[in-house]
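Chain lettering (A, B and C) follows the sequence in which the chains are written, and residue indices restart at 1 in each chain.
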């Protein structure tokens, strides 16, 4: 069936994209920096330097290093961190930080969509109305705000002034938790600030895109058909409108992901959220290249996977793309 | 355009910031930003925007720092446009395998987490303003390329271009005399938008402390604020005002950009393309 | 409620589209009567208001439309009927068959599901029953039942049109308004669809309003015809009679463009353009382009003249009828 082939083809493309982007990162690191200094840093325990040189072929020609790099990659070996002296990089990122970032990005975007899409659909339906113009104006302002500033303001207002959220961290430190539940609750509490930050940041762009495509879709002929058939405003906007208007939003996903990653980095820094974003911050401060490189790889995985999911969703909704 | 209040507001805003950028360091001498008063004091008559962690007057800092922020943004925006226009024009006009290849490269760059790439680049090359400009340009050109390419494709099929090509005009000539002039409105507005975007990224990179932290810019003020606990101390002025500067700049430039696009559009919404 | 009773009566209907700087009088003081079992064709060029009239009857005019006058359906004025009551009429009593334009159906849903959705919006019956009804209608309009699972883009133009027709018949309406249902289809398919519509109309004793710009098509399907120009009905008569002996200069011009096909005479497009409907028009709207026009035509709006049970909105209707004012197919 069309969908399966479509999914398979997109999967192949995704894998290729992943391979190419990681390779580009590989070459950027080694051509702009010193191939040895990328993997071997100060502060590593003695003997580690020899091990790494052997594993990654740091004294061998570049193309061989490239091969070894990928071989090590599939064995889960991404080198050792400089900052967390000697700890394998994979351990530094995975699973905790990786999960924290995915949770943050996911929940933030979900919240954003939950609010912006219905509003965008309605604004498109009532183009030019007070509702439409109000939220549009708001959105224009929102997309001009720097992400980290928004995070700072939210932290200031909700954290400092209102005391509703903690002033940082993923979980309250130095506290033992009596049960899984209380741990989860504490985690959630800390998630609120950064999650809202991401949601608000993306509200603007999501709203405007949904509104524009909604206005277009609701002008189409088939909408008139269903108006004449009197199936009800709700069905028209939230079934026909939604299905058709969401397609450009899904296509936009690709571009939006890079903003989302940026948003994650800034938000995590401001809220001291233990994810890959704040890890990047740490890594840069300490020139921890293996960690930087690996974080790039993991983020690339998340981005490419999200794009893939968006493509599949697109194919599920719009049957026309499955045939080409 | 004069009928559109947002565009006028954008123009005034952009003009003001440009003036500040050029004359900022003259208005506020270097000595003035080094003066320290009471640290973290709230806004007052003497210090309309309050003081920062070390007691520097924030308003002075922001005025002085305008030059660096706007300059980086402007140059980065410019290079972004150059790369984007080159890619878009070549892809759109020459077509074929070249176009296919360039579009794939564009897609690749879009998927790659560009901000991480930018951070990596700066960290590898060193925390200088030039590297920041380079990093921003190399990671922001993609949307421009797409827009220019699609515009070029549309123009390419217009009759006057066909006519020029048939009459044997060389590629460069056609591009220069027929295609580019009709894209001026897009180029102008996109340059402005690119500059706005670049300023935000620059602020972000400096906020993270990735660039040169010893020179004042809007992002650096926020960097210092965060580093020295402005949030936990409740020094909201150290956070709100710098951000406001950035936001106002971005808003002004964006509004101006959109206004110019509509104004300069040779189609003027009525129809008929102007062929030089 | 027998055949021959008046089903629909339109009285002095005006529809004005309001925009920021203009008021466009799309429909201007139109009167119309339709009986049960009758097919009336509304004929005219683009922009004459025929579609607007159709939309007004089924009540899907845009928000910026101002309606005055009356539309009496089964005796009830449906012009400003509250939404809930209109829903009992819309699609249940009056349904519309749209032109097979691109995207007359939702491209993201299977056609069967779209029709089921329409049924379920009006009747609370189990889904399975709705599905059965849809398949029943599919075979009625000549579609294989497994088309139920098709997407709109997978169907040919003719099949899509049949789906649209099936959709209109879901709730057994008494009045079918067909707005250019065969425009854009292949000629052979056009004939099939026209015959299908005639057949259905016969079988279910429906009334039909057939909107078209093609007077030949109109003649094929309808019992009576009303010719519209610039928002007004300029002539109405039984179809055969109208075609054989048009009583309005505009109709004459229309039929000339038809008849030249037979007579191999130079085709006569009607010179000039329809008037600007946002401006007040004095006198006859067709005066600019009318070959018989005199000063009086430009000064005063002609009344609807009754000639042998037919009507024509022209000062010279009688004379045309008696061939005093001559019209010659070979005029240039």
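For this structure, a couple of remarks:
Everything below uses one rule, namely that contacts are C-beta pairs under 8 Å (C-beta built on N, C-alpha and C of every residue); 3 or more make two chains touch, one makes a residue touch a chain.
These numbers were taken from a predicted model, which means no experiment stands behind them.
Traced through touching neighbours, the fewest hops from subunit B to subunit C number 2.
Distance from subunit A peaks, on a Cα-centroid basis, for C.
Here A-C and A-B were compared by C-beta pairs in contact; the pair with more is A-B.
Between subunit B and subunit C the centroid-to-centroid distance comes to 56 Å (mean Cα coordinates, whole Å).
Subunit C has its Cα centroid 54 Å from the Cα centroid of subunit A. With each centre defined as the average position of its C-alpha atoms, the distance from subunit A to subunit B rounds to 23 Å.
In subunit C, no residue reaches two or more other chains under the touch definition. Interface residues of subunit A, counted against subunit C in their complex, comprise 220-222, 224-232, 235, 239-240, 243-244, 317-320.
Of all residues in subunit C, only 58, 60, 86-87, 90-91, 95-96, 98, 101-109, 117-118, 121-122, 151, 153, 164, 167 touch subunit A in the complex they form. By the touch criterion stated above, subunit A contacts subunit B in their complex at residues 17, 20-21, 24-25, 28-29, 32-33, 140-141, 144-149, 152-153, 155-156, 159-161, 167, 254-255, 257-258, 261-262, 265-266, 269-270, 280-281, 284-285, 287, 292-293, 295-296, 299-300, 303-304, 307.
Within the complex formed with subunit A, the subunit B residues making contact are 107-108, 110-117, 119-121, 123-125, 143, 196, 200-201, 203-204, 207-210, 222, 225-226, 231-232, 234, 236, 239-240, 242-243, 246-247, 250-251, 254.
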